[in-house]
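Worksheet: the structure to be examined is printed underneath.
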Amino acid sequence: MVHGVVSHETASEVSTIRETYLAAFRWMLLARILDDKFASLYRGGKIHGGVFLGRGQEALSVSVGLSLRKGDVFAPLIRDAAGRLAFGEPILDAVRTYLGSPLGPMRARDGNVHRGRPRTGLLPMISHLGAMISVVNGILLARRLKGIEQGVGATCVGDGATSTGAFHEAINLAAVEKLPLLLIVADNQYAYSTPTSRQFACRSLVDKALGYGVAGSTVDGTDLGACMQVVGLATQRARNGGGPQMVVASLLRLCGHGEHDDAGYVDPELKRSHLGRDCLKVAEAHMLENHWAGPGEVQNWRNDAMGQVEEAVATVQREPAPDPYKENWCSLASKNLCEGFSGA
Amino acid sequence: MVHGVVSHETASEVSTIRETYLAAFRWMLLARILDDKFASLYRGGKIHGGVFLGRGQEALSVSVGLSLRKGDVFAPLIRDAAGRLAFGEPILDAVRTYLGSPLGPMRARDGNVHRGRPRTGLLPMISHLGAMISVVNGILLARRLKGIEQGVGATCVGDGATSTGAFHEAINLAAVEKLPLLLIVADNQYAYSTPTSRQFACRSLVDKALGYGVAGSTVDGTDLGACMQVVGLATQRARNGGGPQMVVASLLRLCGHGEHDDAGYVDPELKRSHLGRDCLKVAEAHMLENHWAGPGEVQNWRNDAMGQVEEAVATVQREPAPDPYKENWCSLASKNLCEGFSGA
Amino acid sequence: MSITYLDAIREAQARALADDPRVFVYGQDVGAFGGAFKATKNLAQQFPGRVLDAPISEDAMIGAAIGAAIEGMRPIIEIQFADFSTAAFNQIVNHAGAYFWRTGVPCPITVRLPSGGTSGSGPFHSQTMEALYAHYPGLVVMTPATVEDAYSMLLEAVAIDDPVVFCEHKLLYYHLKAESLPSEALPTGKARIARTGRDMTIVAYSAMVHEALAAADELAAEGTKVEVLDLRSVKPLDTDTVMASVARTGRLLCVGEAWPWGGVTAEIIARVCSEGFDLLDAPPQRLNAKDTPIPYHPNLWAVHRPTARTVAAASRRLLSL
Amino acid sequence: MSITYLDAIREAQARALADDPRVFVYGQDVGAFGGAFKATKNLAQQFPGRVLDAPISEDAMIGAAIGAAIEGMRPIIEIQFADFSTAAFNQIVNHAGAYFWRTGVPCPITVRLPSGGTSGSGPFHSQTMEALYAHYPGLVVMTPATVEDAYSMLLEAVAIDDPVVFCEHKLLYYHLKAESLPSEALPTGKARIARTGRDMTIVAYSAMVHEALAAADELAAEGTKVEVLDLRSVKPLDTDTVMASVARTGRLLCVGEAWPWGGVTAEIIARVCSEGFDLLDAPPQRLNAKDTPIPYHPNLWAVHRPTARTVAAASRRLLSL
């Protein structure tokens, strides 16, 4: 099992590490600011349905997005704003989906975190937890059948999702086929209000890896450097034929399940513990401490991110709402097979 | 992890071991003869649908049946004729279900291995693999809620069934609730025609135990003594509050998936290997070697078992077939809520 | 005092727990948290050890309920959203549904499905699944439309000896109010005449009863008297009351929030036409959702499902036939 | 040469594999073993690496098929028995069914469901599940009744850009024979007039077409001319052909092997009554299975499902109305 331990680097390695760290930090910052904006739009009644944030999970999520390349596949889950951005999802896609713009990738048909563009390797999740993993498997299997043995497939789940049958069947299938699957488990201590003690009884979720015959690693999800290293190594192993990789990160969800939830059930002890650290603040402190960036620089990045988010929101708010009378209400790609129901 | 190792016993222990061994052998023999009878009835066209045998799995199965007591729950699977008999299922129940007698526990509505009497703790399986485990959980949970903290619940699955989502959800739930569940995995090297290499990628299925936080043991499924010991100990641990126990037995299915299947796909190497030993023959040799029984005695037992089976079959063959016009075709216990469909 | 549909569901569970030691509640987040919709608020505190949080394992949750029921308990299972019951589908239809018929042993579980569309909920938090469960033998499928029925039918669901799929509608949770909880109710399987009329019959259930009633108001202003029936349970389905109403009005419109292929509206029309063809003065009509997933955006959603406006339009059309 | 329904299914897969490099077959025991019913016999040998054994993981099998389809492949998934598709229900209806509508990206998977009752198979190896899949948007549901259709419709299923649930009937596997494979076929969504007649119309699909034809033979001897329609696909459902036939005969009997609540027979009657009420000279009738699990014993099973005898009886009754 691989743990996220910091080793000694050469000077040029340090400089690459620094560059990547700063890039990661900026995506994290952008994700946080985007999330905050959605929260404020939600409070202002501007968003239909729920809002689900990745607060506290940006370090882990961004590490996944950054470890992937063009041609890889990514099936993010609820709390992956940072990973999505780093993987290349335009801010506009996020804003359009939340605000229900017909110009967004889901064309107002689906909303909030249920967004993606399969053609670019970014899969839109369905709500049913665990369901995305096997779909990533299928893409990887298809590539093998086509003779394209490159590209990894990454997907994220929470501690709660590990209890689903879908999770189990999919990771087992990936193991049998030895697919280049990167399965990130964000153990954020709760599934909605349910603590892990009511969700599983193993010591750590990484103990499941052995039972599937896949590689497992653990990482401190509040530590950006550790996340980048552990996720990066796992991705590399998957890329190099090492088969499925399970990475279990420990952290705490620093928000409600959704913005409707005040998360009053979260144990205050946990909030005060190491797990309760805000990965964004930890990363910022780390940069400042190492003189990788100064406070002014960080402020500039923040302003830049806020500008991007505000601009995207302003753009989308000027976009028309969907017109139901322009919908053809046909679920099939084969238009000729669509039935016109007289009473529908 | 507990392994089935033989330890040194005192004289009185030896005598109990001998007694139990002989009892177990006699159930195994009865199960084998009953199975053989079903196979011959099948070949004679006397059985509707399929016939599924437990040939080669009697040592494991009988150990489960014998380790249980009155008040325990048992949800056997396809290959558990021996365990069923040892748990107390009358031969007549088996024969009536296979031959479709309306006097059987399933009243000709369900057949072959889908039989049981929930009121006596013997659960009738549905076909969907993995589905029985959570039902056993529910019984154990109910007892806890009722304040009855006794009785274990045992159930058996094959190597193939471990790939189902139902298996995963159920064992995890049992672990979270620390239920006295005995989960027997008969790794008989094949799921229908599919070898384990296409079913899972872990070294041994017992490696899954750690990932659920439950106790795991392995046993040589061809060795009756080892099975009795390992299953017995696991049952005891479950009974004493040790939580769920997973026992993984290695053996080989010594028949087709069903009697329609000649099992031509089974690797001849495996048949010749240790796994391919016939547990019934191994047990017989062990008894003779230890002078626990003589050949004449064994022959008497065989004759007795054949007599029982023949008698049961003769009885059931005289029973009337079900009369569809006496059926009320009502699926509900609340008769007043049954609908009379005009066109059904 | 004013009691919402959601309160009624909570109160029914509280009453069942209080009156019957065999009852327990199991579901994700139903314990201390009180459930995603607060349908079990305070129950864990009031009934310690009898309201239990489940892992995200719908299949195993229903399996466990079946086991508990066989062992003599009366489990109430909350599926967080009806849509997620697909993950428990096998245990519900093949295990619970077939249990009594196969074994002679009853399997009294109650599966609560928070169902139906609400604004902004999208394809996977809006479904109404009654047609799937009603198709399989062995299940009772309830679809309460009122605060009173939410209460009394849930108590009835727990009391009867068969598995009940209890489709409670999320759109009614907060808005629908009553003055008090009922002390008596129609028996399960009996439809209710929600409004009397003589010109046509609208048969609806769950949230659609209210769209139908609003449409009936609109049509009343035009001088048309619409009778509105609330099916209450879709299996069993009260064909007699439907036929009696059609016998009076001669015209039938069936309204359902579910998808158009199959389902409740088709079943009612099939029954009325095969058994009461001559009662009809005009072709029976139906109105369902569009045949696509349920859209996220309120503009699309409002057109996807039947509403008072489209029910009224379909009614006018029916009256003109 | 004589080709069975099962041969046709095998040949269609062989042809699809041969003609289209995007096709692969995935399912339990479909590889070297050739499948539980031998529907993929020799395919693994003929098409190395393209016919793969799956673990007992129906949900993940369909998930993988969806992924492969997005990636441009045309997977054919064999579910060992239709009944086990409950374990894949979520991926089929919520993921595959909604894919194109949500994303604009087609999801061309073919899910083969060996369906329907055979003697001695019991509650969990006998189900017909077309009503469930047809209820959900986004799926095409095929129910071939002939050797020719088994072949050409399976090829069509693979060719079209949408997820297809292919309900092949196990009872027809060995008994139904044809002289050769067809080179052309009706388009998907078109019903077939299996037998012309002017006195009444029987609409059937899958194995029930043959019960209907046998009933029609019986009735012909009595001087009654029964028209028998074979729906071929139940979604889309060819309302036009049904209405045209009813326009000629004035009488409609719908026969389905599925359970009586909802399903194909209700859907047809609802359509014909709401759109073609005046075509009917008598109340439309239907005949389905009993509303219980499918029984094991042949005596019970023979009465549980519609047969030529009960179809003929229902026809006589309809003719007397």
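When the chains are written out, they are named A, B, C and D in that same order, and each has its own residue count from 1.
Going forward, a contact is a pair of C-beta atoms (placed from the backbone, for glycine too) under 8 Å apart; a residue touches a chain by one contact, two chains touch by 3 or more.
The shown structure was predicted, so the numbers you read here are calculated from the model rather than taken from an experiment.
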Q: Using mean Cα positions as chain centres, tell me which chain lies farthest from subunit B.
A: A
Q: Just give me the whole-number Å value for how far the CA centre of subunit C lies from that of subunit D.
A: 30
Q: Mind checking the centre-to-centre distance between subunit B and subunit C? Centres are C-alpha means, answer in whole Å.
A: 41
**Q.** Separation of subunit B from subunit D, taking each centre as the mean of its C-alpha atoms, in whole Å
**A.** 36
Q | subunit C, residues touching no fewer than two other chains | A | 54-55, 57, 59, 83, 86-87, 90, 94, 97-98, 101-102, 123-124, 137-138, 235, 237, 259, 261, 265, 274-275, 285-286, 290-293
Q) Of all the residues in subunit A, which ones touch at least 2 other chains? A) 106, 109-110, 114, 126, 128, 163-166, 169, 172-173, 176, 198-200, 330-331, 338-339, 343
Q: Using the contact definition from the top, classify how the chains connect: line, ring, star, complete or other.
A: complete
Q: In the complex, go through subunit A and note every residue touching subunit C.
A: 47-50, 100, 106, 108-112, 114, 126-129, 160-161, 163-166, 191-194, 198-200, 265, 321-325, 327, 329-331, 338-339, 341, 343-344
Q | Residues of subunit B defined as touching subunit A within the complex | A | 163-169, 172-173, 175-176, 178, 197-203, 207-214, 243
Q) Tell me, which parts of subunit C touch subunit D in their complex? A) 83, 86-87, 89-90, 93-94, 97-98, 101-102, 123-124, 131-132, 134-138, 235, 237, 258-259, 261-267, 269-270, 273-278, 280, 282-286, 290-293
(Q) Under the definition above, what is the set of subunit D residues touching subunit A in their complex? (A) 24, 49-50, 54-55, 57-73, 75, 90-91, 94-95, 97-98, 100-106, 108, 137-138, 140, 160-162, 188-189, 235-237, 271, 274-275
Q.
Which stretch or stretches of subunit A touch subunit D in the complex?
A. 105-107, 109-110, 114, 116-119, 123-124, 126, 128, 131-143, 145-146, 165-166, 169-170, 172-173, 176, 330-334, 336-339, 342-343
